[in-house]
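Written below as C-alpha cells is the structure these notes are about.
Chain lettering (A, B, C and D) follows the sequence in which the chains are written, and residue indices restart at 1 in each chain.
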Amino acid sequence: MAVPLDEAVGRLVHDGDTVALEGFTHLIPVAAGHEIIRQGLRDLTLVRMTPDIVYDQLVGAGCARKLVFSWGGNPGVGSLHRFRDAVTRSWPVPLEIEEHSHAGMANRYVAGASGLPFAVLRGYSGTGLIGNNPHVKTIVCPFTGQELAAVPALNPDVTVIHAQRADAAGNVQLWGITGIQKEAAMAAVRVLVTVEEVVDELEPVPGQVVLPARVVDAVSVAPGGAAPSYAHGYYERDNSAYKDWDAVGRDREAFGAWLAELTGSTGSEPPSTSDPVGKGA
Amino acid sequence: MAVPLDEAVGRLVHDGDTVALEGFTHLIPVAAGHEIIRQGLRDLTLVRMTPDIVYDQLVGAGCARKLVFSWGGNPGVGSLHRFRDAVTRSWPVPLEIEEHSHAGMANRYVAGASGLPFAVLRGYSGTGLIGNNPHVKTIVCPFTGQELAAVPALNPDVTVIHAQRADAAGNVQLWGITGIQKEAAMAAVRVLVTVEEVVDELEPVPGQVVLPARVVDAVSVAPGGAAPSYAHGYYERDNSAYKDWDAVGRDREAFGAWLAELTGSTGSEPPSTSDPVGKGA
Amino acid sequence: MSTLPWTSDEIMTVAAARSLSDGMSCFVGIGLPSTAANVASRTHAPGLWMIYESGTLGASPGHLPLSIGDGILAETADTVVSVPEVFNYWLQAGRIDVGFLGAAQVDRYANINTTVIGDYADPEVRLPGAGGAPEIAASCREVIVIMRHDRRAFVDKVDFVTSVGHGAGPGDRERLGLTGAGPVRVITDLGVLEPDPITRELTLVGVHPGVEVAHVREATGWDLRVAEDPRRTPEPTGAELSVLRSLTGAAHI
Amino acid sequence: MSTLPWTSDEIMTVAAARSLSDGMSCFVGIGLPSTAANVASRTHAPGLWMIYESGTLGASPGHLPLSIGDGILAETADTVVSVPEVFNYWLQAGRIDVGFLGAAQVDRYANINTTVIGDYADPEVRLPGAGGAPEIAASCREVIVIMRHDRRAFVDKVDFVTSVGHGAGPGDRERLGLTGAGPVRVITDLGVLEPDPITRELTLVGVHPGVEVAHVREATGWDLRVAEDPRRTPEPTGAELSVLRSLTGAAHI
C-alpha cells in the first residue's frame, strides 16, 4: 500500500485545500511539508495547533493563504519570522489568520473526528480571541443554564501525520507523545501518513496509537521524515536545527537560498515578490 | 496506600450515594459490589452502562433505590431476574430506573470527567428513550443550526473499578478492554480501585490505561475481585457462573440463600419483604 | 422442516452472513449477529472488519464470544479503543458500513424494540434495553436485523421504539436527522424482508427453502405485503454449514 | 546588581520555585516556568506533579526540556495522554492546583498578552499566540506568572487579552464563569506582585535583594501600588543556585 511521497502528495493535496500537518513537537511531518513546497501548492488553508518551522517554510514559500492555529512559534527558540513577515507585511503573499487556544483547537478536532458540527468547552471567556474570531460562540447548557464556549468542528480536506511504523495493509502505529494526531486524522476527508518504516507486523508498544488502515488513504515511507523534530525510538530532536532556523527565517534572502536548495531551482529568489518594500520583518 | 476492601467501602461509600461500579464485561468490580452488599448500604443510585449479575445482586439485596443504565442483562445468557422483579414488582424495594443508550451514557461520563455540565451527541432522536427521560434534551448547533441531543454530565459520588495492578503510590494500571473506566473514575468525586496485586513498578503494557494516584482515593487488593468476569492477563471469564446465575436470580428463595451465604447471615430470608405477593418475577 | 439437513436458525444465520460483503466494516451485536458475521468472515468475506461495542476494532475471534467484551475480541483486534471512542469516532462519525442488530420486536416500519414488552411504566417483560442499538441504527450506513419470526416479535407497532427504523414511513429518518439509511433488510428464520422503496413498509422479498409465503404471513403481526415473486433463499452450502457448526458447536445443530 | 553572586534571572527563578509546594499539581509552561518548576522539584518539592500540555502527566525530566513535547518528558512521565485529554480531563476539570505561565505583557489586573504588540489587525510584533494559556489561566486553582520586569511588559492595559487575569477588577472572573482563582502572584526579576484582595489590582508585596521599590515603580507602566512593608526576598541558597545552574548550564550563570 505504500506509495512514494511525491505521488501521495500529488494525489491527496490540491491547491485551495484545507491541510493539517499535525504533530505536537514530536513526529512533525516535515518531509511531507517539504514535498508540498516542492510541488508548488498554493492557496492552502494550513491548520495546526503548533505551527513551527515547517509551517514557517510553507508560509514563506507562498503555499498558504490562511493559517488556523493556536500557537505559532519556534519552540524553545522564539518567533517564526516568515510567519511574522506574512502577517505584518503580506510577504510573499497575504496571510489571513484565524487563531484559537489549544483547548479550542483540540476540541474542534475532536468534534470533527466525532461527526459533530461543534464542540463545547470552558474557554475563551473574556479573552480577545472572541472579538477577532467568528468561530467562537456562546452556548447555554440546557440543564444548568451555564454559558459555555462553542467552536465549530474542524474537518480538514487532508490531514498529514508522521508515524513510526505501518504494516503492509496500511495500519499505522505511533507512540510517545501522540498529541492530537488521532483526532486530526479522523477528522479529515483524506489522510496521508509518512512513516519511518513499513514492517511485517506491528508489534504492540506501550502508549501506542494505532490508526486502522481504513482511515488512512496513503502511507509513504520517509525515514527521518520528522526531522528536525524527533521520532520516539528512532531519532532525537535536532535542537540545533531549530536554533539555526532563526537566522534563516529572519532574512528573506537567506530564506530564498534555503528554498532554492529545497526545490532544486537555480536562482535564489523567493517564489513571488508581491511586497514592493523588499526585504522585511 | 492499599487499604482493606471493607475499610475502603466503609470510608468511601455511604447510604444514598450515587455509585458507579463500572466495567464493560471485563474487569467488573464484583468483590467491591459484594462488600457493598455485606455492609448493608441502602438507597444507592447505582449507575452503570451494562449492569449485569453483580448489579442484579445489589438490586436483589435491596441496596438500590434507582438504577441509571443503558443495557441491563446477563451477557450471553439473558435477563436479570432480580432487576426484573424490582422493576415490575418492587421487590425487595421499588427501583426507579433512568435509561439511556450506550452512546448517551458514555458521553455523560465524558462530560463529567471533563468538568462540563453536559455532552452533545447524535442520538436518541425518534426513540422512546426521550419521552421517558427528562435527562435528554435538544440543543441547536450555533454554527449550522443542526439539532442534536444533549445529556447532562454524570458525576458519581463514588466510582468503583477493578484493575490489574497498582503501585505502592496508588497509581493504577489496567489493560485489555478498558471500556469506560477512565471516564467513570475521572467523573467521580471519590474513586475506589480494587486490584489483582500491588507491584513495585508498573511495567508498561501495550493498550494500558494508567490512572495517576491523585485521582484515586483508595486502592484495595482483591485478587480475583473481577470474577466471574475476567482480568486480562490474570484469569478467564467464568462463563458457567453467568449461566448458573440465571437459576439463582430467577428465584427469590434461591437468591435469599445466595445472599445469606454471602453475608454470612444464618437465615435464608431476603433482606426485606415489602412485596406481600411473595415469590415472584 | 425436519426433513431438511439444517435448522431454521442455520438458514437464517447463513442468509444473514451472505448479506455482508468482503471488506465491509460491520458493527456487530452479540448473539445471532455475531454468529452470522463470524460465518461471513470465514467464508466469502475474509476481509470483513468487525467492530464490537467494547471498543475492539477489527476483531477476528477464533471462537464465538459469549459477550461483546470477551478477551478473545481484544486479543485478536487490530486495536482496542475506549468506549467513548468507538461510539464517537467510529459510529457517530459515520465510518461503519453496516450495523448488524438483533431485536425482541420489530414493526411494519422496521422500528426496533429491545426495552420492554407492554407498557413502559408497568411492563409485562423488562428487556435489557438500548445498549448501542439506537446509535447503530441511526449512524451506520445500513442496518441489517436478524431475528426469529413470530407474531409476538413481528408486530404492527413496537411497544417501545428503542431504535428507529423507518419511523412512521417515508421522510421520517431525514426529519429526525438520522444520517444512515436505516434497516435495509430483516432476515428471519423464515425469510427476508426489505422496506418498500417508496412506502418504507417491510415487505417479504424472500423465503427460505421449505417455507411457504402463507406461513410467513401467519407469523407476522400485521398484514404483510409480499413481493411479486419472492426469491427462494439458496440452500446453505456444505462449507457454510460446516463453518457455522464449527462455531456454534452441537447446540445449534 | 553586579556585586551579587547571582543574576536577576536566577533570583526570579528561585523565588518562583519557592512558591510551588510539595505535592501540588502544576501545569508548566515552557521557558522560565519550566525552569522554576524543575528547580522546585529538585529542592523543597520533590513530590511536585508536573504536567506539560503535550500530555505528559507527572513528568520528571532529567534535564530541562527545550519544548513542551521533548522526549524526556514522555520517558519520565507517570503516563502520557492525548492533547484533548490533558485539556479536557485534567485542566478543564479543575484538577490542577497551579498554572505556571510566562507572558509578553501583563497589566494592572494581571491580564496576560502573548498574542500581539500593537493593534491586532496590524501588529507591531506578532507573538506566538495563546497556546494553552487562556484555559490554564481560567481553570487552574491558582495561577503564577513569571516574567522579566520592564515598562514594555508591565503595561496599564495589555494590547490583547490572551488570558484573563482579573479582568477589569473585582467580580469579573465570577461574571466570566472562570472557575479558578486566577493569578495570585507575579514574580519578576525585581520582586513579587500580588493582586490586592479587594481591588484585584497588582500590588508590589516583595522586592528582591538589592532592588529598590523606586526601581520597580520605574519599571512598571502604571502607577504601581506598593504594600506597606514589602517583604525582602530571602537570598537564594547555595543549594538552590547549584540546582538551578546544573539545569541551565553556563548560559544563565
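Basically, a residue touches a chain if its C-beta (ideal position, glycine included) is under 8 Å from a C-beta of that chain, and two chains touch if they have at least 3 such contacts.
All values derive from a computational prediction rather than experimental measurement.
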**Message:** Return the chains shared as contacts by chain A and chain D, ordered by label.
**Reply:** B
**Request:** Looking only at C-beta pairs in contact, point me to the busier pair out of A-C and B-C.
**Result:** B-C
**Request:** Please report how many Å separate the Cα centroid of chain A from that of chain C, as a whole number.
**Result:** 42
**Request:** Could you tell me the distance, in whole angstrom, between the mean C-alpha positions of chain C and chain D?
**Result:** 58
**Item:** Euclidean distance of C-alpha centroids - chain B vs chain C, Å
**Value:** 28
**Sites on chain C at which at least two other chains make contact** = 88, 92, 139, 179
**Asked** By residue number and range, which residues of chain A touch two or more other chains?
**Response** 110, 115-116, 121-122, 146, 148, 182-183, 207
**Prompt:** What chain-chain pairs meet the touch criterion?
**Reply:** A-B, A-C, A-D, B-C, B-D
**Fill in**
Seen from chain C, its contact residues with chain A in the complex are 25, 49, 57-58, 78-79, 88-89, 92-95, 139, 179
**Item:** Residues of chain C touching chain B in the complex
**Value:** 30-31, 53-56, 65-71, 73-74, 80, 82-84, 87-88, 91-92, 115, 120, 122-135, 138-139, 160-164, 167, 172, 176-179
**Request:** Over in the complex, which chain A residues touch chain D? Could you list them?
**Result:** 24-26, 49-50, 69-73, 75-76, 79-80, 83-84, 87-88, 99-103, 106-107, 109-110, 121-129, 132, 146-148, 176-180, 182-183, 207, 209, 230, 232, 236-237, 239, 242
**Asked** Across the complex, what residues on chain A touch chain C?
**Response** 110, 113-116, 171, 182-183, 186, 210, 212, 214-215
**Complete:** Residue positions on chain A within touch of chain B in the complex are 115-122, 135, 137-139, 141-144, 146, 148, 150, 152, 204-208
